[in-house]
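Look for chain A in each of the two complexes below; its partner is chain B in the first and chain C in the second.
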Partner chain A sequence: MWLWFAKLGSPRWFYELSDKWLPWLYVSMLILMSVGLFWALLIVPEDYQQGQTIRIMYIHVPVASISLACFPLMAVAGTITLVWKMKLADMVAQSVAPIGAWFTGLALATGAIWGDQIWGTWWAWDARLTSLLIQFFLFIGVIALRSAIDSPDAAAKACAVLAIVGAINVPIIKYSVEWWNTLHQPASNFSIDPVAPNPPEVWVPLLVMISAVYVFFAIALILRTRNEILQRERRSQWVIDLVTREKNV
Partner chain B sequence: MNDAREIQGLKGVSTWSAFCATLRRDLIIALKRRNDLLNPIMFFLIVVSLFPLGISPDPVELSSVSAGVVWVSALLASMLSLDNLYRADYEDGSLEQLLLSPQPLYFLVLAKNIAHWLISGLPVVILSPLLAYMLYLPSEAYWTMVLTLLIGTPVLSLFGSIGVALTVGLGSRGLILAVIVLPLSTPVLIIGAKAVTDVMFGLPVSSHFALLGAILALALTMAPLASAAALRISVN
Partner chain C sequence: MFEFQFSSLSEFLQMGGVYTFHIWAVYLLFAVFISYNLLQPRMVRRHFLLEQKRRAARDEELSSKTKTQN
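After this line comes the complex of A and B, so read on.
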C-alpha cells in the first residue's frame, strides 16, 4: 500500500498512467455527454411549472456540484502536499484552482440565466448564490497568491495552507448566508416512484449529465496536471526523452 | 559552550512569560508610533462619514443601513492595519528570532494577534457608538452593536493574521491581502450586522451571539496555528 502511495507521488508514473486512462475517459465522456444532452434537451418532457427552462437544470446542477467539490479536493491535495511533500499533489492543487474558479463562474452564470426565467431576476442576494460568489473569490485568492509567490516550493505550501483554511471556512460561510437570506429552493429528493414530483424520466438524464460533466472535469484536471508535470519536470531526463522522441516520429 | 548555556537559558523561559513579553513588546512599539496607531481609527471615521455623503443625509435611510456601514468600515479598518502585524518584524529580522525561539509559536502568534486587536480593534469598538449616533442607529441597538463588534473584531484580527502571514514576504501585498482576507471574514460580517439589524426590529439575537462566540472560539484555537504554519513558509 505504501509502495503504491510512493508511486502515485511520482509525476512520471502519473503521466504514463494517465496516458492509458485518457482514451477511455474521452470515449466515455463522448458517449455520456451526447446521450445526456440529447435526452435532456430533446426527450425530457416540459416541466408543468417551468416549461422548457427546466432543461437549464441539466447543465446547472452538474456544474454546481463540481464547483462545490473543487474546494475540498484542493484542500485534500494541499494537506497531502504539507504532510507528505508529494510533488504530484501540489500539481493537482494548482490545476484544480482555475478549473474550480471556472466551474463556479459557470454555475453562477447558468444559475443567473435560469433565475432570470424563474425568479424574474438575474441576481438575488440569496444564500446559495452569495456563498458560491464568495467561494469564487476564495478561488481567485488562491490563484492570486500562487502567482504572487516566486518560489514554487513556498507557493505550494502557502496555497495549501490557504486552501485548508478556506475549506474550513466554506461550510461556515454557507451556513451563515443560509440563516441570513434564502430564496433558492432546497435540493430536491429524487424518487423511483413514477407519480412522485420528480419521476425517473427527469432525474435519470440528470444523473447521466452529472456523470458526463464529472468525466469532463476529470479530463480537464488530468490534462492540466500533465501540462504542469511537463512544465516542472522539463529538466528531467524522461521529459527530454519524451519530447525528442515525439519530434523524431 | 556559551551558546549552549544561552539556549538553555531561553528554554528556561516559560511559555507564559514569552507570551507576555511578546504582547508587551508589540504594545510598546505601537504606542511609540503614534501615527500608525491613529491611522486605522481615522480611516474608520472617514469611511463611515463617507456613507451619508454617498447615500443620503436622510435619517430614515441612514438608520436602515447604519449597522452594515459600521460593520463594513470596522472590517476595512482592521484589514488596513493588518500590514503592520508582521512586516516591520519581517524586515528587521526579529520575526526570524520569534520563529527560532523554543516556545510554541502558537502562543507568540496569539500574543501578536491580541496586541493587534488591542491597537486597532478595541478603539473601533469604543468609537462605534459615536458613529452609530451619527448614522441614526436606534438607541436600543447600541449595546448589541458594541458587543458584536467586541466579539467580532478579534476574529477579524485572527483571520487577517493568516493572510498577512502568507503574504509577508511579497513585494506587492496590499491588494492580494484584501482578496485573501475579505472572503474569509464574510461570516463574521454577516452575523454581526444581522444581529444589530434584528435588534432594531425587536427580534431575539441570542443565537447570533452564540454563533459569533463559536466562530471566535474556533478562530482562537485554529487561526494562530494556520498563521504559525504560514509564517514558517513565508520566512524560509
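After this line comes the complex of A and C, so read on.
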C-alpha cells in the first residue's frame, strides 16, 4: 500500500502511465460526446414549458456539476501536499485551478444565456449564482496567489491552504438552492417512470453528457499536469532523454 | 423514444425559431471551451520541447567550442 502510494507520488511514473491512458480517454470522450450531443440536439423532445431551450441543459448541467468537483479535488491535492509533501499532488493542484476557472466561467455564461430565456434576466443576485461567482473568483485568486509568490514551495503551501479554506464554498453552492428560496430551481429527481415529469428520455442523454464532460475534464487535467511535470523536472535525466527522443515537434 | 425532432436541416438550425441565438450560443461556447482546453496544453508542450531542444543544441555547441579552444 505504501509502496503504491510512494509510486503514485512519482511524477515520472504518472507521466509514463498517462501515456497509456490518454488514447483510451480520447476514444471514450469522442464516443460519449458524439452520442450525447447527437441525442441532446436531435432526439430529446421539446419541453412542454421551455420548448427547444431544454437543449441548453445538456451543456449547462454537466459543466456546472463538474465545476463543483474541481474545488474539492484541489483541496484534497492541497492536503496531500501539506501532509506528505508529495510533488505530484501540488502539480495536480496547480493544473486544476485554470480548468476549474474555465468550468465555472462556462457554467455562469451558459446559465446566464439560459436565464435570459426562462427567468427573463441574464443575472440576478440569487444564492446559487452568487456562490458560483465566488467560486470563480476563488479560482482566479488561487492562480494569482501562485504567480505572486516566487518560492515554489511557499507558493504550493499558500495555494494548498487557500484551496482547503475555499472548499467551504462548495457545500454552500450545492445546497444554496435548498437553503435559500431564490431564483435558481432545486435539483430535479430522476425517475424511470415514462410519464413522470423527468422521464428517462430526458435524463439518460444528460447522464451521457455528464460522463463525456467528466472524461474531457480528466484529459484536460492530465495534459496540463504532464506539462507541469516536464517543466519542473526538466533537469532530470528522464526528461532530457524524452526531449531527445521526441522528433516530431 | 428515438424519434428525430426536426424534419429538415433548416428546421434544426432554427431550433424552434424563438431562441435560436440562445441555444446555438451555448453550444458554440462549449465548442470553444473544449477546443481551447485540449489545444492549449499541446501548444505549451510543443513550446517546451522546442525550447529544450534549442537549449541542448546550444549547450553542445558551447562544449564543442571549449574543446577546440583547449
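FYI, the second predicted complex is superposed on the first by the 234 of 249 C-alpha atoms of A that agree within 3 Å, B and C clash if a C-alpha of one lies under 4 Å from a C-alpha of the other, contacts with A are read in each partner's own complex, and residues count from 1 in each chain.
FYI, contacts are C-beta pairs under 8 Å (C-beta built on N, C-alpha and C of every residue); 3 or more make two chains touch, one makes a residue touch a chain.
In this text the structure is predicted, and so the values were computed from the model without any measurement.
S.K.: Which of the two partners, first being chain B and second being chain C, lies in contact with A:158: first, second, both, or neither?
M.R.: First partner only, chain B.
S.K.: Touch test for A:227: chain B only (first), chain C only (second), both, or neither?
M.R.: In the superposed model, A:227 contacts chain C only, not chain B.
S.K.: I'd like to know which partner A:28 touches here: chain B for first, chain C for second, both or neither.
M.R.: It touches nothing on chain B or chain C.
S.K.: Between chain B and chain C, which makes contact with more of the residues in chain A?
M.R.: Larger number of chain A residues touched: C.
S.K.: Contact-wise, after the overlay, does A:211 reach chain B, chain C, both or neither (first, second, both, neither)?
M.R.: Neither chain B nor chain C is touched by A:211.
S.K.: Overlap of the chain B and chain C footprints on chain A, residue-wise?
M.R.: Shared contact residues on chain A (touching chain B in one complex, chain C in the other): none at all.
S.K.: Please output the residues of chain C touching chain A within their complex, sorted ascending.
M.R.: 1-6, 12, 15-16, 18-19, 22-23, 25-27, 29-30, 33-34, 36-38, 41-42, 44-46, 48-50, 52-53, 56
S.K.: Please output the residues of chain A touching chain B within their complex, sorted ascending.
M.R.: Of all residues in chain A, those touching chain B are 82, 134-135, 137-138, 140-141, 144-145, 148-149, 154, 157-158, 161-162, 164-166, 168-169, 172-173, 176-177, 179-180.
S.K.: Considering the complex alone, what residue numbers of chain B touch chain A?
M.R.: 162, 166-167, 169-170, 172-173, 176, 179-180, 182-184, 186-187, 190-191, 194, 211, 215, 222, 226, 229-230, 233-234, 236
S.K.: Taking the complex as given, what residues does chain A use to touch chain C?
M.R.: Counting only chain A, the residues touching chain C are 41-46, 51-53, 55-56, 59-60, 63, 99, 102, 106, 109-110, 113-114, 116-117, 200-201, 216, 219-220, 223-224, 226-227, 230-231, 234, 239-240, 243-244, 246, 249.
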